[in-house]
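As structure tokens, here come the structures.
Here come two complexes built around chain A, the first alongside chain B, the second alongside chain C.
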Partner chain A sequence: MIEILELAVRGVPTGCVFALLAVGLVLTYKTSGVFNLAFGAQAYVSAVVFYEVRKEHEWPLLPAALLAIVVIGPLLGLLLDRVLFRHLRTSGSVAKLVTSLGLLVAIPELVRLAFGSESKKNPPPLWYVERTDQWLWPEGSRFVLDAGQVTTILATLVVVAGLGVLFRSTALGLRMRAVVESPRMVELNGINAERVSMVSWMLSSFLAGLSGVLLAPLFASLSPFDFFTLLVAALAATAFGRLSSIPLTLLGGILLGVLQAILAGKLPTDSILANGLRPALPFVVLFALLLFWPGLRSARDAADPLAGVDPPPPPAAASIRTRFLTVGTRAFAVTVSAIGLLLGWFVLDSFWLGLVTSGVILGVIMLSITVITGMGGMISLCQATFAAIGAFTTARVVDSLGMSVIVAIFVGAVVAAAVGGLLALPVLRLEGVYLALATLAFALMFQSVMVPLDWVSGGTTPLRVPRPVIGPVDLAENRAFFVLAAALLALAGALVYVVKRGTTGRFLDALRGSEYAAASVGISATRAKVIAFSLSAGIAGLGGGLLACFYGAANYDQSFNFFYGLVWVVLVVTAGARSVQAAVISGLGFFLIPEFLQRLFEIPGRYVADHPDLPAAVEAVLRTIKPEYSLGVAFILFGFGALTYAKHPEGIIEVQTRAALRKVMGALDRTDRSQPTPATDDARPPDEDPAAPATDDDARRPAPVRTGGAGVP
Partner chain B sequence: MSEAQALLEAERITKRFAGISALEEVTVEVHRGELVGLIGPNGAGKTTLFDCLSGKLRPDEGDVRFDGRSLVGLPVHRRARLGLARTFQRIELFSGMNVRDQLLVAERARHGGGSFLRDAVGLSRPTADEIERCDRMLDLLGLTPDADRPIESLSLGRGRLVELGRALMTEPKLLFLDEPSSGLDRRETHDMGTVLQAVQERSHTAILLVEHDVPMVQRLATRLYVLDAGHLIASGPTREVLDDPAVRAAYLGVGV
Partner chain C sequence: MRLRVPACAAVLLLLMVACSNSESAPRTAARGEDEEKVAVDAPGVTDSEIRVGGVASITNPLGGEYADMFRGVEAYFQMVNEDGGIHGRELTLVAERDDKVASNNAQVQALLAQDDVFAVLPVATLLFTGADTLVERNVPTFGWTINPEWQGTEEEPKENLFGQAGSYLCFDCEAPIWPWLAQEAGASKVGVIAYNVAQSSECAEGIRKSIERWGPEAGVEVGFIDTSLSFGTTDLSVQVSQMKEAGVDFITSCVDLQGVVTLAKEVKKQNLDATQFIPNGYDQSVVDEFGDLFEDSYVLTFFAPFETEEKPEGLQTYLEWMERTGTTKSENSLNGWLNAALFVQGLRDAGPDFNRQKVIDAINKMTNWDANGLLCGVDWTSAHDQPSENVCSAISKVTDGAFEPVFAEPGKPFLLWERDAPLKDPEVVAGVD
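Let's look at the complex of A and B:
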């Protein structure tokens, strides 16, 4: 018993940090509706700043802590609110989620650009004592906490007490509490919700900074991944607090820390449970809470008496296009693909061919996002996991059954589809952000429980996947493999296309438009969504198996890390979640853009080398541009790309296509007018056809039919 | 009304929301082919009753029988396939689709949809027969000129007609209409009434109509139910009910 207590006490400090993160998350969620997945990245920023000034510049503790926590933290929050989230107040929750995903991808890379990419070892603690075991408290007792842990607990207590005072005794705090309870009511009462949102962003960002600096010494070196993983752990605490109660959130965080510590102490160290379950505990808890914690999902609807008079959500991205546009883009896509194939076969050297092939294969995986997000309207953050399942299955089937590799890839796809369908059954009760979080929890559970297992991934040596031989064609040859990849991409693309146009696609469109209305004509939401989930997982599995085959091994960390899954979603929704072309382009872009950037960034260096007589200042500036920045800059571009999603949910590619078309039509129109022809109605460009006023502006405007009818007697 | 058994029998439906009692033991019957009105002041619980009957909400107590079988526990889409359809007070159309597609989806869903395999081999495009049925419905509702327009560009009145058409495509035995004239001007309201009459004559669908527009109710409904604050306060032939002093006090008196 005493031993358990002892372990429990040891878990309290970590639990406190979870709680700090979780409370910060709840603050912004309730005041601005943003489920800020970039919160961990914000914590990382402060941790890095603290590291830099303390270790590199040897500032004294106090100014360093003040700068990192009290200045940088809130400043970042202010910036995010002003520049981004303030303008998203009326956007849907998915747009907000995508925006925060974009930040999650971009922020760590920005930090790396600003502070260098060398690993930051032994982060400094937020207390004076150099060695943590020197100051134990209470002395001589069995319940020992070191200085760091005491600092953490004290800091948490101070912060929570401070929040309590703020909420209970100040006018601003009262308003914030009101916003937290019912944002809509508050707005109708004329309270300036913008100011409240700004303050809460600064406050929550301060909490991010504080927990970042407190957390840092737990790790051997600072890595944004660790911070993100901790954030997901903190999500479990927010779920425990039903995304609204701050005391419950605090309790949830501490409980989680305690539970983790007890498991760590009690489980035999070399058991599967210890190696798999313990790190996965927060994700398992999150997953279970999302599914089973009463009041979590419906809290908002039941408590907000104004839910019924809220303005309807903006209509889904325009899917109605003029025939001309459709035919035009299709012809263009076919031409470009044909040219691409010829280029791949005849022109590209082996390096570029390899990149393009990877991109083509990734295009298959990206198509899985087209299905789940574009057609199904759901954000899934575990597509990389499905790809990994396909890859591992392929490797295992080839290895132990000696099956043909091509067949094995399809077996992998089927297994992934089955897992997707099974996951869908419980998860589909969730919506929007909750669904995204559940898939994220699933991805992390898979990563920490399944991936380390020998029989899944081969443990430390990735499983080998040989290249297939089809009849006389040996696919060990890269050009042949390129053609295989392109063929499978075409197959997957065609499948997605016909399903989108078929019954399933139409039903999913209807469900996205209005789930209740769709059900009221007899459409089963569960059936349609399970199909979408399975199809998507299957396609991801197909791509995963193919990728493993191309690389010769199913390497989880290199190819299928859950984080890639996030980046891929960001890329696809930015480019256009509903179009097959956008998926293919984003697949290629993921591999080609960093490479192009690298070539670009090599230019200044070469220029300096060729021109030794440059002025020193110019040379210094040119030398700051280094080729090794390319990957980071590419990720920053990807992340910032996602920020356009809220404005253009139909995707950049669709927007560009339409803009280009309008330009072409404009030009045609002008030539028409300069050579007067008898104007007939038929000769009018489809854009002006009164029967089909489907320009993008029309489709984005809130539907007049949905705004006029609310409760007018 | 001569049939022995009613098409819909909802018995003692009770629904409470966190303390508010939205429906208290409400009992409603609808027979085949009849048009019954359901009136009551704002917040009386009319929409809540529809939600309970169509399966969106689970009543706290009460039993719903439809066409001889109990509906308790069935989800919305299963009830729809049994022949229950509805329109919505806050119009709910499928955004991003054109008018004909709204109807085509409903037509396809009538039988529970197609198989995924047919989709995968590209065999599930709308058939000529389906398109023709939709076009006939559009014609009946006077929506033919709008067939290819995106629903976002329709007026509210036309939107309500599309909703009606979509519900009718499922060939319902019973149709719930939630304030079909709400937000329409006088002429549109009149036209809506005419369309409803035509629909009912043609398809012999039973209709339960929630409506604030008294002239329209008088014109269409043979019987009325009156809800007030979750309680059924009157029911009977339209004329009698409208002349009932208690109804006038609860409803007509409170300025409509």
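Let's look at the complex of A and C:
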């Protein structure tokens, strides 16, 4: 018992680290309605600023801390509120989550551009004294805390107490929560919701800054991913606090730290159980809490009672075009695809062909997001995991059973679909943020428990996946493989299209509108959603198997790291979650945009080299543009793209398509009116409203409905 | 969330250095202008230049900052070119590709399709998915062997892939260095920590097996082992307290800088009196940053440490050219330098009518490649797919914030053990004769 107690005490400092981050997340959620996965990225900003001024410019501790925490932190919050979240207040929680994912991707790259990408080793502490055993405990005592731990514990307690007072005893605290629930209603009462929201963001961002500076010395060098890793580990504490209770969140964080320490002390250190359970503990706890914790089991995102005053979203592009344009659009799509195939076969060199093939295969995986998010209205953050399951299964089936690779890829898809279906059963009662967190927990559990296993991933050497031979065609040749990838993309796209137009698609449409109304007409939400989850996982698995086959190995770190899954969601949702072509374009964009940017950024350097007589100032400016910025800028673009989601939840491509269609239809209409006779291929009379739906099935589908929580069109 | 592959790279490098007792490769190359220039019909070779290009992880958001490898290659090429080039041609590093995210294979394709290179060097990437392409195309390739793709097998020898000191990677091979060093440090119980990722935990398994095999002779045993740490852990208080209870007095690890620093801080905090062996800790910038955290710790290098007394010719030349080109002396730049040195030696040995295959064959005939004393010696007839018969490395100790080679003698920086012999003191050597 004494031993357990000792271990428990050792877990408290780490528990407070979890608690501090989790309290920050809960504060943001309570006061803005945003489950801010970019909280760690905000913390990273203040940590870097503190590092720069304290270490590089040797500022004294106090001004450095004030700048990083009290100035930069709130300023960042102010900026985020003004530019972004102010416009998201009435959006659903999924829109907010996607926006925070965009920030998660973009902020670290902005920081790298601003402060350089050099390793920032040994972040400076926020305290002077190094050890406490001389002044807090007698020298040589059994438990020793360093000053960082003491500061973290104290800061956590002060923050929790302060927030408790704020929310329980002040009008501001009440208003903050009210603004999240219904800004319109608050404004009807004469409260300036914008100002309250601004204060909320400044406060939560201050807390992010404090966490960043305080926790940075835990790391050997500053990296945004270390903060994010800590943050996802702390998610279990936020779930324990039901995303609302600050004291419970504190308790949850401490319990998590304590549990970790006890497991570290009591489980045999080299046992299979320890290898799997210990690293995965925060994610297992998160998953279990989301499923079983009272208050979360059937949690629903808060819905604004006045949300009904919002105008309905604009109709889908497909629903406004005439039959003539529908045929024309499809002919255009076929032509573009054919040109793409011809380019791939005859023109592209092996480099560009490799990138395009990777993009085409990623397009298959992106289609899985179209199904789950676009059709199902659910956010899944584990699509990369399903792709990995497909890839590993493909490799194992080929290796162990000697099965044909093509067949194995489909077996991988089936296994991924089965896993998706199984996962769907327990998590489908969740929605919005809660569902997203459950899928994230699943992805992290898979990474921590399954990936290290030799029989799953091959251990140190990634599992080999050979290229298939189909009849006389050897797909070891990259051009032939490109055609195979394009064919499978077309197959997956057609499948998605058919399902979207079929019974399941219509059921999902109805469910997104109103689950209760759908149930009243006999639609089974569980059945439809399980099918959507399985189909989505199966398509991701298909893409994963294909990607492994293209690369020659099922390599988790190369292709399926869960972080990639987050970036993919951002890309697809930005481009258009309901659109097949948006998924394809997202897949291609992930690989091609950084390369295009690199080519672009090489131009100034070449220009300088070719023009030695340039004025020094011009040369200096041009030299600041470097090709190595290309990936960072691409990620910034991806991230900022997601920020448009609030304004255009239907996606950029859908918006552009609709705008283009309106222009074309307007021009056609003017042409038709100027004609003496109404000769047209269109089935409709020329004087009919061009915006009227075509008789196409797409047009008969109900217009997207705002769902309070889901926010997906 | 940094990628986890390089976590125990240096430990593996120790294990793969292949040594032999055969003849040495020629130490001094002929000057370029003395050489005959003949027409060569090979990709990337013109009348005036031999084009090479490399790929490194530079801006990958998941980690990797290996751009210094290019600087090492560039410095070596500059030295050769100032000396008249080779076979009447200058060596040109025409492409420094960044493999960004998940695009290693594509960048390798670009080197071949767009940059028209004769050879690929350096390769220093978190993931090396372009290896198959390079093997299929039989392109001489040189790089930093932290990825399993470098290693050949009997069925697939990958004889065109050359690591800086061999290509064979053995994650769980036994080596006598751990029990021997623990014994030298006066220790009897060894603590080992590793992450629960395959490379790291297998490395720990190798240490455990080594101590079980030679430990009884050295009076050393495993007192504590934990192979289930989360990658990037920030808390090792329980592990260190358990080591303390188990009487551990020698600690080694298969973790990255984050793990090493967290461990060292906790050891210091809990006043655990144990010698630390940080195999991949040879980085002056780390020692500079973390002050006395690593004082008295041992580190391992597969090359002659920069601080070696009576430096071998290869080390002197490297240090001189790092200074001349303003390049940081570091393991990264050294790896690039070694890659370039091996390539150039292969070109010389291939003769004036060289081509890719001749260069590959020439290198694979070398039985003792030592880069003029920078390395202990690599037997390229077996270094692709077999562990070496010997283990040969240099050990340094952190003393007053600087690395001090230990157990070495002036001009003899390396310690040589027979892998399959009973434990005994290593032979102190300048290299394998």
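One rule holds in what follows: the second predicted complex is superposed on the first by the 593 of 713 C-alpha atoms of A that agree within 3 Å, B and C clash if a C-alpha of one lies under 4 Å from a C-alpha of the other, contacts with A are read in each partner's own complex, and residues count from 1 in each chain.
Everything below uses one rule, namely that a residue touches a chain if its C-beta (ideal position, glycine included) is under 8 Å from a C-beta of that chain, and two chains touch if they have at least 3 such contacts.
Note that the structure is a prediction, hence the values are computed from the model and not measured.
Chemist: With the two complexes superposed on chain A, say which partner A:G376 touches: chain B (first), chain C (second), both, or neither.
Modeler: The answer is neither, since A:G376 touches no partner chain.
Chemist: For the three-chain arrangement built by superposition, which of chain B and chain C touches the greater number of chain A residues?
Modeler: Greater contact footprint in residues on chain A: C.
Chemist: Looking at the overlay, what does A:A525 touch: chain B (first), chain C (second), both, or neither?
Modeler: First partner only, chain B.
Chemist: First (chain B), second (chain C), both or neither: which does A:G344 touch?
Modeler: neither
Chemist: Looking at A:G541, would you say it contacts chain B, chain C, both, or neither? Reply first, second, both or neither.
Modeler: It touches nothing on chain B or chain C.
Chemist: After the superposition on A, what does A:Y564 contact: first (chain B), second (chain C), both or neither?
Modeler: second
Chemist: Quick one: is A:F507 in contact with chain B, with chain C, with both, or with neither? Answer first, second, both or neither.
Modeler: first
Chemist: Output the chain A positions appearing in both contact lists, the one against chain B and the one against chain C.
Modeler: none
Chemist: Please give the residue numbers of chain B that touch chain A in the complex, ascending.
Modeler: Going by the criterion above, the answer is residues 17-18, 42, 54-56, 75-77, 80-81, 85-86, 88-98, 101, 104-106, 108-110, 112-114, 116, 118-125, 145, 148-156, 158-160, 163, 166-167, 169-170, 179, 182-183, 212, 256.
Chemist: Going by the contact rule at the top, pick out the chain A residues touching chain B in the complex.
Modeler: 302, 308, 312, 315-320, 495, 498-499, 501-507, 509-510, 512-514, 516-525, 527-528, 531, 535, 691-694, 698-699, 701, 703-706, 708-713
Chemist: Where on chain A is chain C touching in the complex?
Modeler: 6-7, 10-11, 13-14, 17, 108-109, 117-119, 121-122, 131, 140, 144, 146, 218-221, 223, 225-226, 228-230, 260-261, 264-265, 267, 269-271, 274-276, 278-279, 349-351, 353-355, 358, 448, 451-452, 454, 457, 459-462, 551-553, 555, 557-559, 561, 563-564, 591, 594, 627-632, 635
Chemist: Taking the touch rule as given, give the residues of chain C at its contact with chain A in the complex, in rising order.
Modeler: Against chain A, the touching part of chain C is residues 1-5, 58-63, 65, 98, 100-107, 109-110, 112-114, 126-127, 129, 132, 148, 169, 171, 196-199, 201-202, 224-232, 234-235, 237-239, 241-242, 257-258, 260-262, 265, 269-271, 285-286, 289-290.
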